[in-house]
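Should a chain be cited, it is by its letter among A, B, C and D, assigned in written order, with residues numbered from 1 in that chain.
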Amino acid sequence: MEKIKVAVLGATGIVGQVFMWMLSNHRQFEIAFITASSPRIGKSYGDDARWMLPFEMPDNIKHIKFEELDYSKLEKLGIKVVFSALLSEVAMRVEPELRANNFWVFSNASALRYDENVPILIPEVNIESMDLIMGQGFPEKGFVITNANCSVTGLAVALAPLRKFGIKEVFVSTYQAISGAGYPGLSALDISGNLIPYIKEEEEKIDIELKKILGIEADVFPYCVRTPNLFGHLETVWVKFRESVNEDAVIGAWENFKMEELDIPSLPQKPIVYDKRVDFPQPKMSFFGNPPGMPVFTGRVRKEKDRIGFVLLVNNLVKGAAGGSIQNAEAFIKRFGG
Amino acid sequence: MEKIKVAVLGATGIVGQVFMWMLSNHRQFEIAFITASSPRIGKSYGDDARWMLPFEMPDNIKHIKFEELDYSKLEKLGIKVVFSALLSEVAMRVEPELRANNFWVFSNASALRYDENVPILIPEVNIESMDLIMGQGFPEKGFVITNANCSVTGLAVALAPLRKFGIKEVFVSTYQAISGAGYPGLSALDISGNLIPYIKEEEEKIDIELKKILGIEADVFPYCVRTPNLFGHLETVWVKFRESVNEDAVIGAWENFKMEELDIPSLPQKPIVYDKRVDFPQPKMSFFGNPPGMPVFTGRVRKEKDRIGFVLLVNNLVKGAAGGSIQNAEAFIKRFGG
Amino acid sequence: MEKIKVAVLGATGIVGQVFMWMLSNHRQFEIAFITASSPRIGKSYGDDARWMLPFEMPDNIKHIKFEELDYSKLEKLGIKVVFSALLSEVAMRVEPELRANNFWVFSNASALRYDENVPILIPEVNIESMDLIMGQGFPEKGFVITNANCSVTGLAVALAPLRKFGIKEVFVSTYQAISGAGYPGLSALDISGNLIPYIKEEEEKIDIELKKILGIEADVFPYCVRTPNLFGHLETVWVKFRESVNEDAVIGAWENFKMEELDIPSLPQKPIVYDKRVDFPQPKMSFFGNPPGMPVFTGRVRKEKDRIGFVLLVNNLVKGAAGGSIQNAEAFIKRFGG
Amino acid sequence: MEKIKVAVLGATGIVGQVFMWMLSNHRQFEIAFITASSPRIGKSYGDDARWMLPFEMPDNIKHIKFEELDYSKLEKLGIKVVFSALLSEVAMRVEPELRANNFWVFSNASALRYDENVPILIPEVNIESMDLIMGQGFPEKGFVITNANCSVTGLAVALAPLRKFGIKEVFVSTYQAISGAGYPGLSALDISGNLIPYIKEEEEKIDIELKKILGIEADVFPYCVRTPNLFGHLETVWVKFRESVNEDAVIGAWENFKMEELDIPSLPQKPIVYDKRVDFPQPKMSFFGNPPGMPVFTGRVRKEKDRIGFVLLVNNLVKGAAGGSIQNAEAFIKRFGG
């Protein structure tokens, strides 16, 4: 079977690198076009990207050359699917243009996330949000589908199978990895051996996106803190349900959350992996799982009074960013064809 | 005025070191006796303690020699006040003996913290808990007064001036420093660039001690996480009050929490320092304040629905451990005389 | 082809874990027996080992059960090849016994490294040191072959193709990873955000082992420093050669160091990978290469006066420990048969 | 005695902050004027500087307002002494202007360090280098005196009392703190849990400045590596002397290096503090000493063949930067009057 040619915009940033790594040996997709900022045009990925991931750059992407974004060139190459790892301010300008030029944009940028025509999609959580695209003239016309904010993604996945209990209140405190701020991102002088209890607009995103994605009317009480680990966001969570729920019911809901019906290549057999060890999950497991970094890990489930507490770990770059967008493209194509 | 001679038990551990540092130039107290494990007996503090604090060992404690714990020797030296930085399992055996031998024990150990005759004292929060000693035959008889667990201390201080609003529920997620686990404590392989969402019995301590110290009947929902910073516990907190409260009322209550009536040397002029910067407090401020490490820093106050959220920072070794015990001794002697 | 059954002694330590990971899918070897300290006997590897590596425990080793070391059992299972990741004090007692019982011991322990009957083998550097085994009654009798100290291994490999220039003096300063001290190893309080310019007996090992392995009479001037990175030892090196040598000659010698004649599965195509980037190699590449962690990376070659300087990176757990021993076993069996 | 009014240029950078902290309670100097980049003009230091030091901002500098650099204003205020913590590219333009306007500039910038009219001064090492100013029309005319590069400073001080043995060769490998790169400096993604074996132009500076300051004709072999500690540069050093020297002679030379004749306030009683512990000095001692951060700490002295090795620690921000410049001003004024 021939692979679907795709473009990656903003391929040198840390999320762009995860797109490149994941797409380098993807079953359905094949990288046919990459962009970066002007000084890099014409250089090859292997020579010019400052690789930040904790494993080696795949050989088969090293030769790919950076090109200027050119819609007619994309068309000539037969590319419809565009993955965007653009910075928000660039995405704000470029993504609507891509849509207007009839491309299918799967974006990690937050720029259009609150546009009423743009679904925030997590396939195993709100696959129905794709319907929004239907009213937009597809397949002739283009569209933008975004993945959720990295912190929200982990929380939304962990809560998805618990929706049936009736979610009323969610308290969440995050422990967010350095890589979440991009590159260069945080100064080492600020974060080494320190904690920073503030991440711009992150708490607002959690409140808005979580409710939209889960389709619930809950009260959300978030605090977001930057911690000195490189990869993986940890979150402590307390939830109040409408129904009476115990620990076993929660663990059972996670264990049975299989989603085989989605049948897309990058969704793990178990999208939520419950870890029964007393002191897990931990960020050093961020790239564990199959595909690596794709499961949300949960643990330390407790019942206190009428609340259920737990801890979760989400890979902020994979499931919480590039990997999420790739799943979105897979799910879209599964449903509507490539 | 002559200083009161005191003993420090367990002077080489990291809390013991803070006792030594703070008592090295204390207005009222003078170190006259120190103990450590047997192999150190006879050696001098300067030669044998592995100093872990982020500033230099004071010169005037270097010559002090480790001695075996000997009640008659303490008596001969005229020592009544004993500070205990013993490990819990040792404290469990030694502290009752000290009490039985009529010493006044100010302890950081958790061993006797839940003994019904032992107050958990934070002077600016529950000074009245000292009354418990009165029924125990003081001044002829001895007693044990403990400080609270390090995480609880910060939370109890920050909530003390808010009790008047009626505390109903407290959600707290901690970000706890490496030094809280003592020395050698955590393996660098476990915690470097990682987070560990579990600290043995810590969540139980928060639940029990917080309510006991504040004298309230609230529901407490804690999660405790070890983070890779050396000093200073950060906590994110959401509180539900019986009364309707806004951010200004909370900040005002902190600003006006002066406690001059206590009039003890180691209590800062402002026990709670509210930091209005958007991304503070941060652990790198752990030893800020006067005396250093004694204020609890708060910040990021927010109102969401009917809840108030904030972030706090407490120095786990000073206010949350040795410094707390020294304040306890000061407060006791202020009230009942030395 | 049937695989050779092997035993791993001390399988839970961090070097033991690397043995388990590398042998879990080895072309020639198959784990048939593992030991750990008594409390673990009977438990399975997956349940009881505290996994420390930066990637997931392979599924196919999880079921293997810890057994007590029993020579007759090993014999019954048809095991000749024993990999030892024992602590030095245990190895000192156990490895001579294994040899006396006719096992072929490939050890990472330093216990017997200076025994005159024990080669310190790095296949691509001193393959001839295996001859020492010949006088010891092989194949009827057993033997012990050790790999070199982790710091020495990187240096010996990088210098091996430069021996032809006549090595007279070697200055080496090491930057050694936390994992080199084993588990629990270093206290996080000691090493977080700090440097410790001392590693017990390490400088002596570099001096003795380097000259023995390279078979040279050079002067060696080492300093060893512990640095707060988890994996990968970096070393800065200045060498004085008898011949006049320039940077290109050095780089050329590395590039041409192929060793295809060895033809063993775990030796990379290029045992030395020269990195021309100005600020590399870096420890974050520790597990790069194929097999991962097996190449020695070099860079920053400079000529000053009559000296050549360079920087090297060696994975202290793979090439510098378990991986080195596995290569030793491969090389031995290649030469003498299994 | 009235204090001498001084200006601090570039007061918000991390070296600027050290100037502010050290001058806030200086015996001779008084901060009367500070500059920062334009957006800060008019704001007060306490409100607008992002404080990075590991202790609190002194209260008495918080009210000082940033001003635009205005030579006539400086004159009106009676300011002659100007401390420069400007970035090199700014210093390159501003410092010659200041000199031309007859100010006495004590600079930490490397911009003019290689100007033939500019001494690189370390008072206890090359006090005679000040003579260079004499031919420049002082006291009517202005001048620039720089301190040395941070790594060089530690090495030059440690070697100063050893010059008498005849220094022939110096091998030095550095372990340099994050703060040496300024703020924001290094991305946390690059340096957290990593090592970077390259610091732009640093090795060249060591070679050139060391020989110039010590006034020697030695061969210098440096490697510079960035390590993930915040403060304090460690260096491993091997020296070849013309004379035969043993460890005791080296330690004795350090112990007797008193320099009381300099008699300036910021020079420690012992500019070199030899630490006999087996695993010291360590960067966590960076701000130890009196004044804090001013001594150079040495340790681990060894003799191998005809070479002496040792380890040193220098506070890169204090003795190696702002503190060095303050000592320079003190020494200059001591000799020539204020």
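The criterion applied here is as follows: contacts are C-beta pairs under 8 Å (C-beta built on N, C-alpha and C of every residue); 3 or more make two chains touch, one makes a residue touch a chain.
These numbers come from a predicted model, not from an experiment.
J.: Same interface as A-D shows up in which of C-D, B-C or A-C, over half of contact pairs matched?
T.: B-C
J.: Among the chains, which is located farthest from chain B on the basis of C-alpha centroids?
T.: It is C whose centre lies farthest from that of chain B.
J.: From the C-alpha centre of chain B to that of chain D, how far is it in Å?
T.: Here chain B and chain D have centroids separated by 39 Å.
J.: Identify all positions of chain B at which a residue touches two or more other chains, and write them in rising order.
T.: Each of 192-193, 228, 230, 284 in chain B touches at least two other chains.
J.: Across the complex, what residues on chain D touch chain C?
T.: Touching chain C: residues 171, 173, 175, 193-198, 219-221, 223, 225, 227-230, 234, 236, 238, 278-284, 299-300, 304-305, 307, 309, 311 of chain D.
J.: Looking at the complex, which residues from chain D come into contact with chain A?
T.: Of all residues in chain D, those touching chain A are 14, 52, 178-179, 183-193, 228, 230.
J.: Any idea which chain D residues touch chain B in the complex?
T.: 54-56, 192-193, 284-285, 287-289
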